[in-house]
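The first chain written gets the first letter, and so on, giving A, B, C and D; residue counts start at 1 in each chain.
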């Protein structure tokens, strides 16, 4: 089973051959090209030198193209996984959590996937859908990857997933969960190890409904996900919503909205503020003195990425999530423990999902005994979710979205004095997303 | 309408405006005197925020941290001026935009390399974490009140410096007539470097004070930078007074728009239409304001006199 | 040296024209996608250069037209109208119309104010885009299929699509070449050189500048229409201000005020991005100073480095 | 002629507290050459600016060829037949001398919304331009980039551009400014050849030039016209001598 391959970098030979071949193409093209030019442009009687120089430039340009091509012609044997995430720019921190988790998963697997050598090619989508799409094309066509994985953002996912599945390659999403892909656009070849976007706010809605809360004030950024979150919340929360406020995407100062909120005097506040928006909102909410007065319930807002920056301003905050570092199971203990040891910081759900993504791929390759051409077999294996997930045992719904538990989490001061998320109770057991019935897939 | 709330929102608007002014003052000076479009001004704000945060977390003294950030950013600003920007003054705005766009990329990544991509922990200093009762029923965060005071103090200080001191005379002269200042035998290069460093320090002050309420992370300067451009274009490029007025106007319009536009629209259009149109319109409001101002006064509200 | 430059250009076109052949020979169809995307941005950059390089109008909001063109394809497609004969003219018309409105206000100002107001308009449209739920808001919309041309031209075929984009680029350059030397182009270039003089000899420059602004906007819209077809996806982030910055960088990197410079700039910028980002996640720390160096020391851009580029662009 | 070609009444322009032109009245008859003289800062260039339409007066009217043009912008006035030259040379430096003049021809040859035919191939633009260049003595320099011409040649090019618009009135702002004696002499000859065919308003410091060309002279001091009349009368005018010639001795 174990193919003894030198590290991938050593596979330069075929690439060089490729270059030489391109060179040959060029050589044969040189003379005719020159003669065409002289016949078409009789007015330009220039010295031969110039023509040669032009040809040299053409040659160099084609060589660059050739180099690109050359890179790709490496050994075909190892499993190739293209992992697309945001690595540069403000969102780069999420990408780092994901990438580190992928590396940890590979380490746990002995740098083998399904027993085969593995090569992971990372791509930085810069949070732009068109760049993500280009990376996907590059991974499919140039690197000829067997799986594409990753993707933080719904809009990038909506551009990338159909490209990948359309090319007959398996896509394993490890964060974004747009409803389109859980519903009408679901695909045999598309899996996600995270969730459908709405599941998390649904859990929060359920919890707040169960608590008999009413007079809730809802806030989110003014974009598609923000509105989806609030509507997901309202699917299970049937009490009175005092007001729904949508703020500018990327807004930094929430003082005006916080003043309005105080004016309405709600009993509870539900927010969705991912990333730096969340850090700013939480700090300003605490600074306004509201933390002690009106409890804050949030989704995708307080996590292991934002907690170190927010600190005690998050104290007492409620979140719902399918996973937490303190979730009790063997796989999770190993993941969280080794992660902290290796990278020196606490992993987040972004990381856990990405770790799971690699394990899911491993389970598929293992099931087909390394026969990467056997897509049907791999899909069938993945549908069983037969791997030791950091969230414990779960199953896939017909639309390849996890059916999983959701927990209520609370930001508390841990034993070491640092802030951490602690699981309080289970809100949903084996929760299904709201869109699977729109997915025509049967299995 | 609840008038107490309106008063509170006006305070919020003023505070946001003052924040914008700290950025705008430096930027407009650099515009006015060196005729330089500096997109990287937001990066200096970011650098100031990072330095202040790092120093605060280490020393525990907010004042010392701010002082350190000011001094260090002043030095960094002067260094950048000498290395990269000095040769750009005589170039057209396009070259300046491009080069400073490059500087943004550089600073964002450099900060990420030094401090990592994750947001740094920041908190309001203990002494300022309380609230003031501005009016009965309006508790106002003390820290934000301090921002307003500091901003107004800086405005006053700038006014005194620009109108009463020799440096200020040179600045005013430089803004209206560059060759004349040269004729006075002043070392123009040094003046430029000093002014640029000065603007950088102001940006750093803004960043240092923004740290505890916003998040300190790479790229934090860009969002506010664009708003600051709106401020100085509305105020009139090169004018400190214009920057102050523009900042307060933009701060007020943005804040009041966010607070009251939706309720006002819902009485006209009905609640569901207002839910859709309100936030969209509120986020575009300052740009609409800017377009309107420029339509009627292409030079802005208080154009610097230029001969 | 004219002919040296002409030869260089011809060689450049030959390379672009032969990419599909090389890609096919090397069995690397990815290069079709990469170079198609590069050419699409080249179209946007060439159109921006018309006002920026030739007309001296530093528009920092060109991404707005890219976005409008993209919406002009995606919205009809969303309602089941897939014909490119509807979508593409609509992209040209709507982006031109938007440029007319934006230009009518912006061109009243000049210098820094002009830079900022064009930026502000683009940001306005960006925030509008992310607020419209019916059309995907921030998530954007997926294009069910590429623009249809009655079965005559099938954009689903990567090679056909490549040559369509190639054709559009070549046609645009040819049009641009005619335009900048015709009366209209002379007026635009002279207005950049010395506008008070233009007014003194009797040109009401505003209307010509506005017309150039509209043409550039329409060009940007066309690039946007192609870009949605390329990614089969629409997103308002096409209109984000950093995208305007990117296009501007391409123009200046390649050599503004030249017809072919922006094409070179697009090739260099996007290849650089691709290579650097594969090399390190901190690629922007390299790209940033590189831009500064280009501005400081290679004022005529890459085009100025080509043999025979000493004379004014022909 | 019952009405003068150019009639200015009460023209006033303020910059802040400074009154640059103060209730200026002027009349220029068809075919006449009027020189406007005065010390530095007298408001001469401001006057030209208002006549050409680059500056908007705060008060007063400007009538040109029987029409009130006070509110018309510069390009429209150019179309009506008002042409100007600039005190500080204003040309298109990257374009050839011939291109510069051809542009001026183009400005008055219908609209320029023509996108296809190369302007350099339009004989209707090139031939009149070439003739005008010959007229000012730059025929041999047609293909040279304007920015590389000598200073005196650039001043000649300015005149050529003004002439190429086929103006009824030429506004010349210090046409010999910064010129050496030879160049200056050539310019005077050129302008003398234009006298009679063209109506000219000439702002000039060089008194030799003024007395060589002017039919009438108006003297401006501190924004006001203090005297107008034939050259000899101005030379003899006591007020002018006191207010103006006392400060600046004619060369």
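We adopt the following convention: a contact is a pair of C-beta atoms (placed from the backbone, for glycine too) under 8 Å apart; a residue touches a chain by one contact, two chains touch by 3 or more.
In this text, all values refer to a predicted model and were calculated from it rather than measured experimentally.
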Any chain that touches subunit D and subunit A: C
Chain whose Cα centroid lies nearest the overall Cα centroid: C
Chain at maximum distance from subunit B, centres defined as averaged CA atoms: D
CA centroid of subunit B to CA centroid of subunit C, Å: 32
Distance from subunit D to subunit C - Cα centre to Cα centre, in angstrom: 43
Averaged-CA centre spacing for the pair subunit B and subunit A, given as whole angstrom: 35
Where subunit B touches two or more other chains, by residue: 108-109, 112, 279-280, 283
Per-residue overlap in subunit A, given as positions that touch at least 2 other chains: 88, 92, 222, 248-249
Shared interface positions of subunit D, touching two or more other chains: none
Chain contact topology (line, ring, star, complete or other): other
Which chain pairs touch, all of them: A-B, A-C, B-C, C-D
Subunit B-facing residues of subunit A, complex: 88-90, 92-93, 96, 222, 244-250, 252-253, 255-257, 259-260, 263, 276, 279-280, 283-284, 287-289, 305-306, 308-313
Sites on subunit D touched by subunit C in the complex: 52-54, 73-76, 78-79, 83-84, 86, 90-95, 99, 103-104, 106-108, 112-120, 122, 161-162, 164-165
Contact footprint of subunit A on subunit B as seen in their complex: 2, 5, 8-9, 12-13, 15-16, 19, 108-109, 112, 116-124, 129, 131, 139, 141, 143-144, 210, 212-220, 223-224, 255-256, 258-259, 262, 275, 278-280, 282-283
In the complex with subunit A, residue positions of subunit C that touch it: 2-4, 6-8, 10-12, 14-15, 18-19, 22-23, 25-26, 28-31, 33-34, 37, 127, 130-131, 133, 136-140, 142, 227, 230-233, 235, 237-238, 271, 274, 277, 281-284, 307
Of subunit B, residues touching subunit C in the complex: 31, 37, 84, 87-88, 91-95, 97-99, 101-110, 112-113, 226, 229-230, 233, 237, 276, 279-280, 283-284, 287-288, 290-291, 294-295, 298-300
